[in-house]
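I have placed the structure first, in the form of structure tokens, so that the comments after it can refer back to it.
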Amino acid sequence: MADRSFSASRLPGFSTIATIVFVVLYAPIVTLVIYSFNEGKTVSAWEGFSLRWYQQAWSNDIVQEAALRSLTIATCAMLIATTVATMAALGTTRTGPFRGKSLISAMINQPLMVPDIVTAISLLIFVAAIKVATGYQGLLYLILAHSAFCIPFAYLPIKARLESMDLSLENAAADLYASPWQAFRRVTLPLLAPAIMAGGMLAFVISLDDVVITTFVKSGGQDTLPTYMLGQLRRGTEPDVNAISTVLLALTVVLLSLFFLLTRKRN
Amino acid sequence: MTQSTEQAGSIARKNWLLSAPALVVLTLAAAGPLMIMVVYSFLTPGEYGNVTWQFSLNGWRGILLTEDIFEPGTYALADAHLTILLRSLKLSLMTTLITALVGFPTAWFIATKPVKTRILWLFLITIPFWTNLLIRTFAINEVIRNDGILNSLLIWAGAISAPIQILYTDTAVFIGMTYVYLPFMVLPIFAAIDRFDMRLLEAGYDLYASRGQVLRRVILPIVKPGIIAGSILVFIPSIGAYVIPRILGGGKNLMVGNLIDLQFGQGRNWPLGAALGMTLLIIVMIALVFYTRLTNRGAARG
Amino acid sequence: MKKLLLATAIGFMGSLAAHAEGELQLYNWGDYTSPELLAKFEAETGIKVTVTDYSSNDEALAKIEAGGHGFDLVVPSNSFIPIFAEKGLIQPLDLSKLPNHANIEPRWMDVVWDAGRKNSVPWLWGSTGVGVNTAVYKGDINTSSIFLDPPAELVGKVNVTPEMMDAIGMATLYVGGEVCTEDTEVLKKVRDLLTAAKPKWMSMDYGMEDKMATNDVSASMYWNGAIMRARLVNPDVKFGYPKEGYLLFMDSVTLLSEAKNVEEAYKFMDFIMLPENAAMLSAFARYGNGITGSEAFMPDDMKTAPEVAIPEEFLALGQFIPTCSPKAAEYNTAIWTELMK
């Protein structure tokens, strides 16, 4: 793997395009981070360095709770979606045709095909009926809804990886190790890990980003950061939301760095 | 019963068991509720929204034909719905195309970095997408608005004398969707390239003379599954986009997601909204069939 | 990492508990609830109020009607209160639990949408008119032609709020009709007027407090309080009362039938009917309230603000949107969906 030929893989113009992509991707975010330290309220003018928006966000219970709730839902949805998606990918890939295989595939990909707004409205009606019947109005509905629409995002990379994996390695492993479980754990799983990681990341991002479905499914007092902000649209966001995003971003970078470092050490 | 059918049965059972947890979650929170939507598209609208339980085909007819407000019984082609559907189709196809054109080089750039730095680049491409979608949409809003960074820069450079109105146009929606959905293109393409043995490239250069040929004969078949997967992941949220057109489109130029939402809010026509949702679903399915055929043909040609 | 996990775990358990003691779920328009008032209420009663936003009456109605929403109080506009009541979504108030009910100004007591205030207590009221940046347009601003037939300076710079009844109501008054009319001749004129005007609009959006202050939008059909807030930032912004007629609204607090925190809800409703507290609501959102004696506690800049104290000459031109008949509502909806395309 390490002895890749770089001259062979270099394509003219690609680096330039990639560089531009990175600049364009980062410019708005960097602006956001910089202006979260702006004394003034608008993004149009720099009025000096200040931490006032951080202080304001810190003292704003609503923003804090919403951010925490977003993280909670995204974490739970990521764990559930990635777990069930990995299992489903193992059950539907590299196996001969069996009764109902295409049905399973269709079911798993279904959230991808249905526009958010349709899922949101149907969930509103469906979940409302359950809420009325059971009296439970907690966060589990949101976690379940998020898990469902995250499944295909976790499933796709894992399935792609499984399909391209070299069967001979596993066959060899099956000969070496006694049980299929051991072969799975020692060979398949490590090979699959990057894809599971990618799937989990996608699931987390998708959950954290969702506005539409959450808006329709949430009960009173269950605002996530996105739905809270969408509500603020009537006025335009306060810079304290920038501050919160910056904190979230910093936290994510730290966690991701740790994660990358850990996985690299193992390799 | 022969042994092989027994074996096949046990494999099927194992596969179903492995898939079961995912299926339970999906039935509860995706497929099941969707059935309600199908039912609702065949009902009669209630007075202030909601439905009355009476069978009607008006929801479906409403997609293509609108009843004249003032002369009940007279129908005309619902050109407005078609305009919105076409706009959504156009914008999402453009978004898919541009993200693919830009995403492929970016993914390639990352995947061909040495192992040590590759993870850093992958990390870098992921970071922006950990930032919330609304925040990013607002950030784009700040960039393209009349007093925004882009217009100020262009005026400062002398390229224009007065700000260009980008915000609240289709272009704004297109820019926003491209910015937001790019990762869904880059990550699958990266995954496709990453599992490719680069030594094959050298073999490719031995076989074919030019870069162009290598690109076409060796590289494109490799990234194609990634591009197809990425296109699915970009096209579908784009065509059903709701938040981005709402913020950057200024609420005036609707996309089909907003049109559906309108029926469930001020439009007070839930069956029409449900039927429109189903229509969107059908468009997406047609696109998927198209994609699948593309993949299969590519594989056959090898 | 551990701390984050811990925090997440605590947050998770906290949010799983759907119903805690001493809390209240308020479902209200976005950016409409004074945080200071909520802090004061919590300090006095120990009840924590959680606010969830909505942006249109129809959005609130759809969510409430679906059930299982978990809210205790909702704040619909006048014309929606009879709809909520008729559908059984809100419950009649037990006036014995609202000693401050007597503070309601007489003119807000026997209102057409809730005679005797048995279902709702006043939150805030205001006018739907036009906000104009007078640095951009120097002509007469007291007319709906600002958005229905925009002058050259404002073409492509006007916003119209996507609140159906406001836009259609204003257009109906402009063509000389009555709001909620069933007269198809008038309605045709309304449709043609709006359809012809739409290409001259820039957007159909909310958030004009900011966008008008920064001149991203130069004129808008909008609400007085929000325009006043824009004016406090940018003095060029002025609020016009259309001479063709304009609309008034009052949003009122109602107790939902599914409410779980009923005692807390009564405490809150009673709380906001104290003059000093009602004044806090006004001071935040910059709209008038309906409570006797609150003037004494109002910020000085509101007492004389032309957006709030309607000038004498325009007083008679404002009217409340009635609750339309189903037939009229159907017409309005049809015009609106045709326009939104």
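When the chains are written out, they are named A, B and C in that same order, and each has its own residue count from 1.
Note that a residue touches a chain if its C-beta (ideal position, glycine included) is under 8 Å from a C-beta of that chain, and two chains touch if they have at least 3 such contacts.
All figures in this text were calculated on a predicted structure; none of them were measured in a lab.
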Steps needed, at minimum, to go from chain A to chain B via contacts: 1
Identity of the chain that, by mean CA position, is farthest from chain A: C
Chain pair whose interface holds the most contacting C-beta pairs: A-B
Centre-of-Cα separation between chain B and chain A, whole angstrom: 16
Geometric centre distance via CA averages, chain C-chain B, whole Å: 35
Multi-chain contact sites of chain C, meaning residues that touch two or more partners: 62, 214
Set of chain B residues in contact with two or more other chains: 147, 264
Per-residue multi-chain contacts in chain A, two or more chains: 44, 125, 127, 230, 233
Chain C to chain A touching residues, read off their complex: 1, 4, 7-8, 11-12, 15-19, 23, 25, 27, 29-31, 50-55, 62-63, 66-72, 206-207, 209-211, 214
Footprint of chain A on chain B - complex, ascending: 8, 11-12, 14-19, 21-23, 25-34, 36-37, 40, 102, 105-106, 108-110, 112, 114-115, 119-120, 123-136, 138-140, 142-143, 147, 149, 179, 182-184, 187-188, 191-192, 194-195, 198-199, 201-202, 204-205, 211, 215, 219, 225-226, 229, 232-233, 236-237, 239-240, 242-243, 247, 256-257, 260-261, 264, 270, 273-274, 277-278, 280-281, 284-285, 288
Of chain A, residues touching chain B in the complex: 1-2, 4-6, 8-15, 17-18, 21-22, 24-29, 31-32, 43-44, 80-81, 83-85, 87-88, 90-92, 95-96, 98-101, 104, 107-108, 110-119, 121-123, 125-127, 144-145, 147-149, 151, 153, 155-157, 160-161, 164, 194-195, 198, 201-202, 205, 208-209, 211-212, 225-226, 229-230, 233, 237, 241-242, 245, 248-249, 252-253, 256-257, 260, 264
Footprint of chain C on chain A - complex, ascending: 42, 44, 62, 65, 68-69, 71-72, 75-76, 124-125, 127-132, 136-140, 216, 218-223, 228, 230-236, 251, 255, 258
Chain C residues within the chain B interface of the complex: 56, 58-59, 61-62, 65, 83, 87, 156, 159, 162, 164, 184, 187-188, 191, 198, 201-205, 214-216, 326, 329, 331, 333-338, 340-341
